[in-house]
């Protein structure tokens, strides 16, 4: 019963088998190998256009390098106040951008509110020398609250940002879960909606460690090879990154993996609701945020369940856990066993229903 | 016949098998897993003392993060003028240290000359505010020229550096080859000789992508978790890094791998000498630097051999390639087939001996 | 009628006369001159203790260098969300600290609320690797809203910050106005209340360009000479900075200057209240923040008055300007002519009282 | 007898009188004042073209900010190995550029050798990802050795740099001395010879603290206001910087000041030669580098002379001071009294000639 994070699982069998297969013989280093070329082509096909694609091993690096490509050191990066880039990367965006400022926007359910973005644009006018200059809007799809922007919402943010001269970045650590949930094409959720650069994550969904930064206009990507190299994020044996990506994309494997994760989460959400837990944010992908009785929390822990208690400061006051309650995050992955979900729900229900 | 680099090979079968095995079930992320603990313990045992150990995926990150731990932004890092940190990392040490200055020292065969180090210490006196302040001496073992410092040489540099208040870093991308060649213990070549922090590389010798930063005094390591995280070099699924390291160290597998690489290089060196090529630097580990006739170079390339022509500016004038000659680097790895070495030598000899 | 800023005035006659006098003969550069030694001694005497003192030319540099001395690049600097360091220095603190994060705290009247600080300490726990680490609390005295912390409030923040392992910085761009208003000693308002480092500004109050960074424990100041030099903030002809400071401090000239500025602002506040303007924040020093009728604004501008319209987002909703109103900041300085104040008030009253 | 540095003198009487005059009344801050506009216009006229001009207080900031405008963090800045930016600014260029690498070139008399520049361009090919990328060539006019490039030499470097896609910066801390010595126009020595950006210093020649960064193509200057602000180098009371520049330029005052300085140095050089001292580098402007007997050094110091012993590592071996000799730098300024020069020479001659 491990619901701690989608990174508590390993790689899918298919991905691992591909790695074993790729381990034969010699290959040019630093991206000149055939597997890397294949990954670039696969991603171009996936997004239905020529892209500039760069592979690396972590989501934090992927986000920080992508953002740094679009902001000067005196730039402002607008993000949700609870975004991963804001709070969970130990200042990586500031490091990579040589000191840009992340400006946290508000909005319920982990999603940026359009008015909050407008107010920020007004508060940081272009050309006011004493202030950092508006540079990037970053949207997380899915958000830190496990919720999704609709395609229309993304497009509206994209248009608003472009009108104001900002670039649009998407943190797609759970991009695959999002596509699986929305049922749209990758192109629709990105460049067709105004996204300029995507941090696409496979690590949480079946890879060992594999992320791609995808620039939808390659003219923005000229510096990226230097940025990545200088950061120590250019893996010498690139074929192993590329092989993960290729196996993950082949035959819609990535969608199969994330459909499973999302479906487990749906099962978990339904079960917990039925058991009387409060689901605080809409469950859109593979994460369930729930307020459960302390007694259930104790029983689950005793039964060996793993998950994190979550900071309640992101909650609206009326949603906050009350005396005797605990606010928890539960994450499903491609490796989640539906039987574990059922067992988890049963233990919870036993407490709540007596 | 791939002699381009030791990173053109993949992972050893043992390492790959261990990864497949480690891919079962769930594990806590970010280093809280059992495999990571095991790697820390193994490295402590290897170095015969309590160490602070951090795993990551690239040598550039390992070097840059280790150096940044010992220099302020206004510090001077002394290295050989041909060192990897100086010329092959696109400014990573400057990036990670927020702008420290790498001061290139001279010395033949890729090794820092003691007088050059003394002159640098005199040129950068402590407390002279207009200049960057002496902070770190970094030694590459083996060097970019494929040569080794003796234990006495390391100890002399270590003592001189410590007397001057500098920390000592060792770039050990080919640490394993060096230990295999010198036949000493890891402790002898590092902390017993004055090394404060080691960048220990497995990637070039049987791993997919695995490096360890080893602090021999853990009080120097307090900040490292933040530095690594902020750089995006904390892999979520740490078990896969750790598993590589564990399999690599187990049963002296790392030494078996590097003894093979070194031995192939020795065979190559002897064969080329015999074929009349000039070996410009002493062949100490798994790299051979040779000046060969242009005709041999052409014949080898036609036969499918892969290797790099090497910049001749690091050569003493009397060593430089003359008209009709080419200066090349040839690297062997654990995966090098001795038959390929023999074939390479034969092609070369055919040209030179007619 | 220039109420745009206290930096619209020049230097006091005394300060200028001292500069003329100091311009005789030769003096050692970079702070080895007698005037600089004198300034250090004067500041030590002023603060009743041994201090480490560094002179420079701008408040932004003074703040940023002082903050950078107490935070690692992965640190959090807690400040009021409307603080000058947050919004008016184009990211200087991020630049000088190599990317630390400024965390904006809330609180009315431009003053940090104690609960907001507590919540921030809870949100950024020490040792949680994914987040930046708590490093500094910075208090502006006076604040961007022209208000003052009481000595007790400063001491309470100082104690809370030290308990949590944070250093305390004071942005004293209007330190002199604050001392003049509170009638306490400089020691009471700083180190006796827990301030570790002060950015003390003379530029807004009678100097041309002169600021001092004052460390109350010189062990924190070891790196500062390098930081300042590397930033290009070590003026070669240090005697001219020091002479400004010496003349400013001599015979309580600094207090005479700021008493005048504060008194003009008090006269302005009283007059505007009487004329029916709304004073939105308590007028503690030399700034008046007022909501005036648009017609008055027009008449004043026509009469040649200079001042800034101020962003209303810092106001509580009930304070915000309504239709037909303008929110303005009015700043007095040592050079303000009370007759200008009277004229300004009269124009305003003419509109409001008909 | 102060020959320590040209920054040991104060401001010229004319400059100081202008400051006193400028200190009347109010003026808009941050460069919106009339004096700043005038300075921009004067510099445009001086250089005979539209320029983008920025004033600040120190030469280090001027150099570092100008260089940072033309290099990415992964750029290489080529300079003479003894240049001020290399060795005397505590890493300011690295700081301001977020970690670019300064590559020291060789050449006698403090001047970059054309072959050394060519070799560097070859060693840092564009597009080789593992290395920093060629970005800027910086020439010091005059050099740290007090020597000058001819107009033809500058033009040749300018053309070579532009061919290779590099920008050209000129460190003009002693620009005025150089113009006075060469008798050319400012335009001839800069943009007509290929200089893209100039750090023009007045501080060493009659100002208190005043430098201008001059971009000869204003399209390169778009970011500069942010860079300067963020660095804390935007003085609020800009009129005082501008007034120094205006008074310095008016009526060729700057040339009168530097002609005097150069002439004193010429007198000093001639006297020392006559006294048997060795002048190691050609005396082109206001600095004399001489090897004198230790006994003369002692006698001069006893007589109250101030000057610096200079590191001999920049000397060719045959020029180095021998036993009983001292290598010194002697700097004249606008304030140097020819009688002091005569006295200095006489003391020296007394020793050498008995």
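Going in written order, the chains are labelled A, B, C and D, and every chain counts its residues from 1.
Everything below uses one rule, namely that a residue touches a chain if its C-beta (ideal position, glycine included) is under 8 Å from a C-beta of that chain, and two chains touch if they have at least 3 such contacts.
What you see is a predicted model; the values in this text were computed from it and never measured.
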Notebook entry, point to check: With respect to inter-chain C-beta contacts, which pair, A-D or B-D, contains the greater number?
Noted result: B-D
Next item on the list: Check B-C, A-C or A-B against C-D and flag the pair whose interface repeats it, over half of the contact pairs matching by residue number.
Entry: A-B
Item checked: Cα-centroid distance, chain A relative to chain B, in whole angstrom -> 35
Checklist line | Centroid spacing, where centroids are CA-atom means, of chain A and chain D in whole angstrom | finding: 51
Notebook entry, point to check: In angstrom, rounded to a whole number, how far apart do the mean CA points of chain B and chain D lie?
Noted result: 41
Next item on the list: Pull out every residue in chain C that's touching 2 or more other chains.
Entry: 73-74, 89-91, 95, 98, 129-130, 226, 229-230, 234
Checklist line | Residues of chain D touching chain B in the complex | finding: 73-74, 87-91, 94-95, 97-102, 119, 123, 129-132, 311, 313
Check: Contact residues on chain B for chain C in the complex?
Finding: 30, 72-74, 98, 129-130, 133, 223, 225-227, 229-230, 234
Note to self: Which stretch or stretches of chain C touch chain D in the complex?
What the structure shows: 2, 4-5, 7-11, 16, 19-20, 22-29, 56-65, 89-92, 95-96, 203-204, 208-209, 226, 229-237, 239-240, 306, 335
